[in-house]
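Note that the chains are named A, B, C and D in the order they appear, and that numbering of residues resets to 1 at the start of each chain.
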Amino acid sequence: ETADKTIALSNNYAGNSWRQAMLDSWKKITGKAVSDGVVKSADAFTTAENQATEQAAQIQNMILQGYSAIVINSASPTALNGAVKEACDAGIVVVSFDGVVTEPCAWRVAVDFKKMGAGQLDYLAKRYPDGGNLLEIRGLAGTSVDTEIHDGIAAGVSANSKFKVVSAVQGDWTQTVAQKSVAGVLPSLPQVVGVVTQGGDGFGAAEAFKAAGRPTPTIILGNRDDELRWWKAQKDASGYETMSVSIAPGVSTLAFWVAQQILDGQDVPKDLVVPFLSIDQAGLEKALENTQAGGVANVEYSLDDAKKVIAAAKK
Amino acid sequence: MSAAVRKPRLGGMGRMPWAFSFAGALAIFAATVAFTGGTGAGQILTTALTFATMYVIVGLGQMFVVTTGPGNVDLSIPATIALAGTIAMVVMDGRDALVPLGLAAALGTGIAVGCFNYALIRLLSIPPIIATLSASFLVQSVAIAYGRGLRVRPPEGFAAFTTGRVAGIPYLAIATLALCLVMAVLLHRTVYGRSVSAIGQNSRAAGLAGIRVDRVRFLTYVLSAALAGLCGAVLAGFSGGSSLNMGEEYLLASIAVVVVGGSSVSGGQSNVAGLWGASLFLYLLVTMLNTFGVGAGLRLLLTGLIIIAIITIAGGPKSGRA
Amino acid sequence: MNGLLANPRFLRAALPPVSLVLILAVIFIVQPRAMSYLGLNLMLNLALPIALATIAQLCVITVNDLDLSIGAFVSLVACIGATILPVSPLLGILALLGCIAVYAGLGALIHWRNLPSIVVTLGMSFVWLGAAVLLLPSPGGSAPAWLSALVKLKTPLVPFAILASAVLALVTHLFLMRSSVGTVLRGAGGSPQAVRRAGWSLLKAKMAMYGLCGLFGTLSGLVLVGLTTSADANIALRYTLLSIAGVILGGGEFTGGRVSPVGAVLGALTLTLAGSLLSFLRISPDWQIGAQGAILIVVLALRALVNQTERKAA
Amino acid sequence: MSQSAGEKQSGAEKTPSPAAPLIRLTGIAKSFGAVRALRGVDLDIRAGECLGLAGHNGAGKSTLMQVLAGNVLPDEGGLAIGGEDLTARYGVARARAGGVACVFQELSLCPNLSVVENTRIRQPALKGFGWRARAGALITAKLDEIFPGHGIRPTELVSDLALGQRQMVEIASTFAATGEAPRLVILDEPTSSLDASVAAQLLAFVRRFVGAGGSIILISHILGEILSTCDRIAVMSDGRVVDLRPAARFDRHSLVEAMGHVAAHETGEDGEAAAAERSAAPVVASAATPKGGAIRLEARRGEIVGLAGLAGHGQTGLLVLLHNAAYRRSRYARLDGRVAFVAGDRQTDGVFPLWSIGENVTIRSLGALQRFGLIDPARSRRLEEDWQRRIAIRTPDMDNNILTLSGGNQQKALFARALASDADIILMDDPMRGVDIGTKQEVYALVRAEAAKGRTFVWYTTEFDELKSCDHIYVFRAGRIVADLPRHELSERRILQSSFEDEAA
């Protein structure tokens, strides 16, 4: 029974479409949960800048406001540990997702980022049995997600030794930055067969290749609508093939239900794994249909989904 | 540019403060080309020109603001870029016929932000650095509430223009060069330009010399925000749609191109040519380090050291009298 | 009393504490639970590193410069504190001392070549950040236990953050505003030429102020990493703008050596509390960012009022 | 200048040397780029004397003193204090150790510090516990000694003080000493921003100081001051000492002659004093003082209106008010016509330090120099050169930076800025500070000629002589206009009476 419980979302950044979709999903699902009387309230909070210190202060304020549970998309896996520990000590349930925290008292709804990186190489190995040169676009320097995906890619490359990463540039998970970085190195690069990414920078890379007048390699895409549409256009025109890997913004709703289950007294393991969102050549049209123009491909979770994930983790 | 009409008149100042940025850009370009063994030199230049234009456009506005004196800086540029880009794309609605309207909307957004900035600075006498920062938070919120983070694609024709080129030279660079010529004339040959410089040196004296200080500063902040708005529209066209975070890198970049380009941060002195040098320099620097395959940490470190080295060699302004 | 209220200088000095009290009052009304030891502690313990960074910024502003690298520097110190310091304290301390020395060196370079501080520190912000990324490519590390214990000290009656802020304000006030050395350092901001003509070395003054900036930046980083227990390379980038805003909120000015350490510390606390107030108000996420801007504007608008009385009095 | 060498020799011969010189300068030369500021100066300063230094603007007086104070290293020449050769490694510290202190032409106080704190900056020995009390006592004692009735509180911020008060603090803190008193104090135009009574206090103190065995170098463009106060007078011209005699052997006429100017004829002193009626031309400017007061300032077309009174009693404020009224509606002032301002405090109100002399001159006239909306370089060049000639700005090239000019020449550039403009009304804020006597005469003539052509001048001045050029005079006290004198009623006694009435009552 959680009808009198309050849950807060602590979000550290709102400046891109993924985060906006994440907040939208939260609002949609929790709004319904509140009106159904499942929980008393589910407020969302966002900090102005993507900074761990600001988010730590935000969490401390939530403790003060007496929330029953805090759902966190963290700016840093470790820098919030102090604040998270304080929340736990105050008897608050803390569930982290996407950007998870390492503090043992918190729950984690994690995506296997390493697998997300390695999976790209598996796909490319199938496409190009002879291997070839790769360009890697990395995320924001100094963040854990960037490191983990990169490690996954590196592991994939060493497992498929015919591939070689000839250049790695910083994309900062920002399309315009990725476009600029790729455009800068392209002139000096040999032929590349594929571009491995962290999801979301693919379209920028495609623009850069086009501007340089080079043939478009297989670019691993993310889940933004414009990327998918570009893919569709290429597919219709020339049978272009690739894949898309990403995290569904709706994972926030899964975290919400997990928090609700914990408050409900259910036994929930600390580490839960959600599959990342993967779209293949065949699923493209369907994904496009379900994606809002200019938005991102998304999956929202229900209470039952959450129960399934929890059950799977218990095994 | 038009300063050359008369022999350089900057008494004790470095004679050509902008030359260093060009020299730096050239050196870095040479190093890059040497590393790649000459492949892609032309290509690198072309892309450099493309990306430098964005820096130059926002740099122009920031330069005028910085010239109006110490403490004057516009930190609302990134938020304005995001908001204006979004509005422009929504107004253009993917139709080429609406491009002029979209550009006007972007400029209008910039002008509105500029007015708001200056209202804070003047009416509430908030120091510009904080005023524009606070304003940028509000603008960012408006952008979020208005655009909802959705990406609207630019009209085909507009996108083609922003990415197109003739003989390896991007249209965008040509257009920006024309804009720069206008700005240089504005800076050196008009009463407004002289007024900006005078206010930057001593605003009380400027007022007593008959300059309408408030009006000039107002126009300057509006100009800066309008150019940021323009940059937002162009950037959205260039990168296939607007996004909320596309302005982020322009906060530091807009300041960096102004100061590396040889304008004085203590106000009163500026030049347009240096913006190009500095923009090319900053772009080529990242490209070079990317080409060398330097990791993120080392790349940041080297970027910083090279900026400091350049400014140290170029030296600061020498004061006239002991 | 009437005379005091009419005195613009007094009003200006009173502004930072008044804004702080006002914002605190509103918080107490909106969220009565904040009115407790625990509440104050939760709201303010992350204010201490900000206050330290603000004082660091104030040192540089005193000599008419601006430090755009303090946020990156605090991040680097936090990284050192979470990686080198626990493993080999001696090396860690040496590294920190080295950082302070680099700061003092920057002061010397800026004076010697007559460089604009904004450019040099802008460059340094890349350098510090790069060093932090090299040191800690992905977030982690852990702060030495003694450091965490120290900054999380449960002092009786008044939370540690408030006590420490008060001590910080007092010490810097005594040094900068009351001591004979501090007077010369402020003079170097007010009229460098006058100070030089009186036979003081401007080079030493700049180096001292930059060195102090480095020192307070280091303290800020250490306190921060003690509170968060681990670091990442981007952890404190925001401190650059926060610290500038804090100095201005505290009644300081960008040029002319007009600064107030007590005001600056109060300004830093006000900024932190403004963030808390926003959480308590439960604004729609779309407008939360904008509300931060709005609060800054409101607090600074009070300054405008004071300035107006000042102009009338003149 | 051709006769100068001979005169100098004779001067040196005829003055028997009663004591070994305290300081001996030999062959000091200094160039700033192409400008040869000093071309080999020999000068002795004796203990217990007041040495006057006169010379046209840009003669090199300030530069020589900067050398003496250790701020500027000479290119050539030697310097000895008390017979000891200190040429090598001379600097501020050496100068201090030798007992040399200097009040510079440009104020050098820190505006953000209080009077006490500024005293501390000057006195390295003031430190440790209780330094504030000691510094306060020191500066108060010195201020009381030199300027009785100064009314300056030691805890006040310097930025809150009027210009004249700052000058007093500067002088007092230079004379104040924790340990040994300074042996030589250089005063570079110390009276330029003091009103007559305070200046008299200072000069009286100078005599006392000299009487007690100290030495003073006094630089001033007010010849009466130099003649009455100094023991010997050295005249500089174009970087050389061209004449040096005991003061008694100079009079106003010969001093001016030695400086290279034709002796000024005291023009129009009482010639037209009979013209009693105020002109009937339309009123172009009128203003009330914001502090109240019954008398309104009125200026008619073609008039020269003088503002008198002690320095810091609201004259500058009223001028700024009038200036702003030309652009914005004002409660207090109304202005009918275009306006230009000549600053007296040139550092804060006048000069644009990054610009050339030419740009500084043309800034007020840019509107008229436009063609098709753009500034026409040829026209502005013509304007610059025209005014360089008309007002004799001493520079090889108007493209040089404004700061390469001496103080007085900078002032001339500001004059040119206003006179070259299209203004009908010209507001002058004690603009002759530091302008040499020859130029002054030329500017007076220019002002009168322009007034005759219909321009109106509102002229605040601290020098009584300048009021004689005015048609109508308003006297200020405590922010109000307290007297309104037509020229034929003007007398030094009337002005002083009005200025001091309160204190007298």
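Here, a contact is a pair of C-beta atoms (placed from the backbone, for glycine too) under 8 Å apart; a residue touches a chain by one contact, two chains touch by 3 or more.
Keep in mind that what you see is a predicted model, and the values were worked out from it rather than measured.
The chains that touch both chain A and chain D are B, C. In summary, the chains found to touch both chain B and chain C are A, D.
Averaging Cα atoms per chain gives one point for each, and the point farthest from that of chain C is the centre of D. Between A-C and B-D, more C-beta contact pairs are found at A-C. Each chain gets one centre point, the mean of its Cα atoms, and the points for chain A and chain C are 34 Å apart. Here the spacing of chain C and chain D, counted between their Cα centres, is 43 Å. One simple way to say how far apart two chains are is to compare their mean CA positions; for chain A and chain B this gives 33 Å. For chain A, the set of residues touching two or more other chains reads 14, 48, 141-142.
Residues of chain B in contact with at least two other chains: 137, 140, 144, 264, 296-297, 299-300, 317, 319.
Residues of chain C in contact with at least two other chains: 132-133, 137, 233, 286, 288-289, 292.
Here the touching chains pair up as A-B, A-C, B-C, B-D, C-D.
For chain A in complex with chain B, the touching residues are 14-21, 24, 48, 138, 141-142, 167-170, 172, 174-177, 179-181, 183-188, 203-204, 207, 210-212, 224-226, 230, 292-295. For chain C in complex with chain B, the touching residues are 109, 113-116, 118-120, 122-135, 137, 233, 241, 244-245, 248, 254-255, 286-294, 296-297, 300-301, 303-304, 307.
The touching residues of chain B, when paired with chain A in their complex, are 32, 35-36, 39-44, 47-48, 50-51, 82, 137, 140, 144, 148-153, 163, 235, 239-241, 243-246, 248-249, 283, 286-287, 290-291, 293, 296-297, 299-300.
Interface residues of chain A facing chain C in the complex, by the touch rule stated above, are 11, 14, 23, 43-54, 56-58, 60-66, 76-83, 85-86, 102, 140-144, 146-148. Contact residues on chain B toward chain D in their complex (touch as defined above): 5-7, 9-13, 185, 189-191, 194, 197-198, 201-202, 204-212, 264, 268-269, 317, 319-322.
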